[in-house]
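Here come two complexes built around subunit A, the first alongside subunit B, the second alongside subunit C.
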Partner chain A sequence: MELFVQLLANTLQIGAVYVLFALGLTLIFGVMKIVNFAHGAFFTAAALIVTSVVPFATVELGVPLWAGYLLAAIVAIVVVLCLGALVYSIGFQHVLKDLNGSFILSIGLLLILNGAYLAIYGGAPRTVPQVLPGTVSIFGAALTAQRLALVIVAAVVTGGLYLLIERTRLGLALRAVAMDQEAAMLQGMPFNRVALYGFLIGAALAACAGVLMAPINAVTPVSGDEFLIKAFIIIIIGGLGSVTGAIIGGLFIALIESMGGYFFDPSTATLAMFILVIAFLLVRPQGILGNVE
Partner chain B sequence: MTADTTILSVDGLCVSYHGVPALQDVSLGIERGAITTIVGSNGAGKTTLMKAIAGLLVPERGSVHLFGQDVGGRTPAEMVQAGVTLVPEGRRLFGQMSVRDNLMTGAYSRTDRSAIAADFETVLGHFPALRDRLSAPASALSGGQQQMLAVGRALMASPRLVLLDEPTIGLAPAVVDTICDIIETISRNGVEVLLVEQNAHIALELAAHAYVMENGRIVLSGSGKELMHNDQVREAYLGL
Partner chain C sequence: MWNRLPGVWICVAIAIASVLFALLATNAYYTSLVVWVLTNAVLASALRFVLQIGELNIATAAFFGIGAYTTAITAVLLGWPFWLTLLLAPLVAGALSALFGWVTLRTKGPYFLLVSFAVTEVVRLIYTQTNAIGGNSGLVGMFPPMAIDAYYPALAVALLAATLFALYGVERSDLGRLFKAIENNDAIPRSVGLNVVLLKVLCVVIAGSAVGLAGGLHAYANNVIAPSDFTFFVAILALAYVKIGGEGHALGPVLGAALLTLVGQWVAGISAWENIFYGAVIVVTLLVFPGGLVGLAARARGLVTRSAR
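Our next item is the complex of A and B:
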């Protein structure tokens, strides 16, 4: 029982970040019909910003650690939103619904941004002090308070995104554009603006994931890239463009990672994920919740 | 045509797809209170014309005037704002979205909440069959119900002119009658209707004024009755 709860807790804390990351990627695909290979760069930017704002705020400004982290989170999300708006206006808006063009653009962007991060921050892993010290015991399983907070925040953000998509006028437009862009335009929905909002929400989700991850894992200029690969696995399994699919897929991959890592070893878990993706692509290429077009 | 009774006038419209002309010098007018129809065979350019009026296609030449105002080059969103809504061929509903949400997409360009709620009730009054299915995904509806939903979605924009592209295609005869009744009701309620149909019987019966399109050109026009008795039309489109 204790082991089971521990593994479940591990799954949730790994999965929480995966879900946020994959949600952004799948949202951008759904609305713009492009695959953003530079999505990990948003994540990395946010995480790196946290690693420099937290020490600055606590040492130079003398604010408490939690306040410094909160400030860092806001700065990181705002900067990533600005970065997102910039790359959308000079790049992505010209390759809407263009898989080849967006592939070339986003790979190039990824190389530029990774190079820029390396130039600014150097290659050494950067860390943030523990924001929430202590552990919480749930059914005998130990969970650091920090990781518990991560899961809660990720769940709140995911819930917020769900409400935005299901209950608001913008969400209605995002769904409609994702299902049939031309029909959405005929209802008076301005495609370009809806695509921009979808892109910015996706970037903000990646930034949230980066902010949450920074105090837990060491951050490097390529931190986002491994998440990108996992996120692709997740949305292939969950269904490209499906929000619920990204949530299910994210938790599923996290489950494989924590179970496989415990009972076998991490490389077996990674192997299992890729085998799973191959199996999905062969048997059910649209994923668990994807649509056949 | 006098300006105050002309809802829409299209003059010398030319549209090409990749250099291939789809519409050549098309001119037509829609008069207040009268259902207007365009009949023609597959590939005659009817859908292209509808898309050009709705702002989805940018014409190379020619002009479109709505209530006397030049609306050439406007985006679909601007045309919806101006009061023109297209019910596209094949309905193009948002299949996984609920019936309620599909109707609400039609009201996207409006912000008057109470008027939207009132129109929602009016639309359900037109199509009582939809009321029980509001939470069902649109794809779960029958073909006839889907067409009703497509028309209802367009009405949610509170349009002054509705463009209907092949609204009866693939529907059972009894359902076709229902759709025809609805088209007449819409027209009686003061919304102008431009109807494109392959089924010339239906179209000519409903319409006060009709145009015949062939190979991207208007080749004939007249009242619905006139065209119904025109030998050329009888042979080519009515199979008589």
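Our next item is the complex of A and C:
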């Protein structure tokens, strides 16, 4: 029982980041019909910024660690939003709904951004001091306070996004554009602006994931790429463009990873995940909640 | 070269010149560079070949690796004769492409793209997890037999060039027209009674065999292979070659591969700047000259030769 609860706790903490990451990807796909390989670069940018702002704030400005971390989080999200807006206006705006073109563009951007991070920060892993020390025990399962906080924040952000999409006018516009872009435009929706908002929300979600992961795992210029591959698997399973699908898929993949990692070994778990996806596609090519074109 | 025979003959002349260069040049660096340029040209052409049916096949990288591993396993671990090991590379890669295509071509567009990506990662993980084929460190010691060793670069160049011509030949045949028809609208070929899925699988198999052969030749040319040589990044670079050269014409990927491989030799070394360089080339080409070099040449001559897109 204790083992089971522990594995479930692991699933939740791995899954929390996967869900945030995959939500951004699936949102961008749904609205813009592009596969964004540069999504991991937003994650990495946010995590790297946290690793440089936290020491600066605590040492140079002399603020306490938690305040430094909050400041870093705000800076990271603002910078990523600016980066997202720049990338959108220079590049993605011109290749909307062009699957191959936007894919290639995102690869080019990924190479440039990864190269830039490597040139600025070097390849060595960077760490942030623990913001919330200590561990919490829930039903006999040990969980560090930081990871618990990560799960809670991720759940709040996910819930917020869900409300935004289901309850607000912007959410309605995003859903309408995802469903049928031309019909939405005929109703007077400014597609370009809606696509930009969708893209920025996606980038901000990746930035949140990066900010949350920075104190937990060491950050390198390619940190985001590891999540990218899994996030793609998640959105294939969940159905491209489906928000609920991304949440289910994220938790499912995290479950396989924590179970497989415990009972077998991590690389077997990864392999099992890939094979599962391929088998899954045979049965249901459009994912759990995807639509058939 | 579109619709005009002299262009083909110029290409044949260039191919013969490359073979002669690989045969006669004494500097091993230059001969291996020619082999590498043509290997990349085949990878890019194979990627473009599947783009004809409208799909972006990242698993091109996987089949390149499968060809290389087939040759390496049969040559090093089993000690089979040179020609047989080389012949098996395209056969095994082709057979596995058929299986891959049969399973995955029910999906299309973004799903196919992501699945082909996942397959490439699975295949690479299988190499790293299998100790019998060297795990992470791969296989070492694929050498052509002594009698052929001196001519090996020329042989490789000749076979790779022949592969390029073969891909072009298929593209220009009736089969090639069917592939184009599928890209434009697969309901129309289906409505006249053609088996679209079978044709798509055939397209993937032809491309898979071509890169399988390139992989086998690469194993002997490089003497050592490792799982990290066959990541999805191989396909990404091939895509960059296609985009730079222009996908409107069969010559595009070859030009792109030649240009970027040669320039890449020059910027190689500092990995951060190498990434930035390739990235910038891709982004600028895509946004400023969407037709690539071929599209630029066509526009310069005032001809609209860009087909399909």
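Of note:
Here is the rule we go by: the second predicted complex is superposed on the first by the 293 of 293 C-alpha atoms of A that agree within 3 Å, B and C clash if a C-alpha of one lies under 4 Å from a C-alpha of the other, contacts with A are read in each partner's own complex, and residues count from 1 in each chain.
Criterion: contacts are C-beta pairs under 8 Å (C-beta built on N, C-alpha and C of every residue); 3 or more make two chains touch, one makes a residue touch a chain.
The structure presented is a predicted model; accordingly, all values stated were derived computationally and were not measured.
Looking at the shared chain after the overlay, A:L172 reaches subunit B, while subunit C stays out of its contact range. Once the two complexes are laid over each other on the shared chain, residue contacts for A:L186 go to subunit B alone; subunit C is not touched. Of the two partner chains placed by the overlay, only subunit C lies in contact with A:V35; subunit B stays clear of it.
With both complexes placed on chain A, subunit A has more residues touched by C than by the other of subunit B and subunit C. Residue ranges on subunit B touching subunit A, taken from their complex, read 54, 56, 75-77, 80-81, 85-86, 88, 92-97, 101, 104-106, 108-109, 153, 157.
Within the complex formed with subunit C, the residues of subunit A that make contact are 29, 33, 35, 90-91, 94-95, 99-101, 103-105, 107-116, 118-119, 229, 232-233, 235-236, 240, 267-268, 270-271, 274-275, 277-278, 281-282, 285-286, 293.
Interface residues of subunit C, counted against subunit A in their complex, comprise 51, 56, 103-104, 106-107, 109-111, 113-115, 117-119, 121-122, 125-126, 128-129, 236, 239-240, 243, 271-283, 286-287, 290. Subunit A meets subunit B in the complex at residues 169, 172-173, 175-176, 179-180, 182-190, 291.
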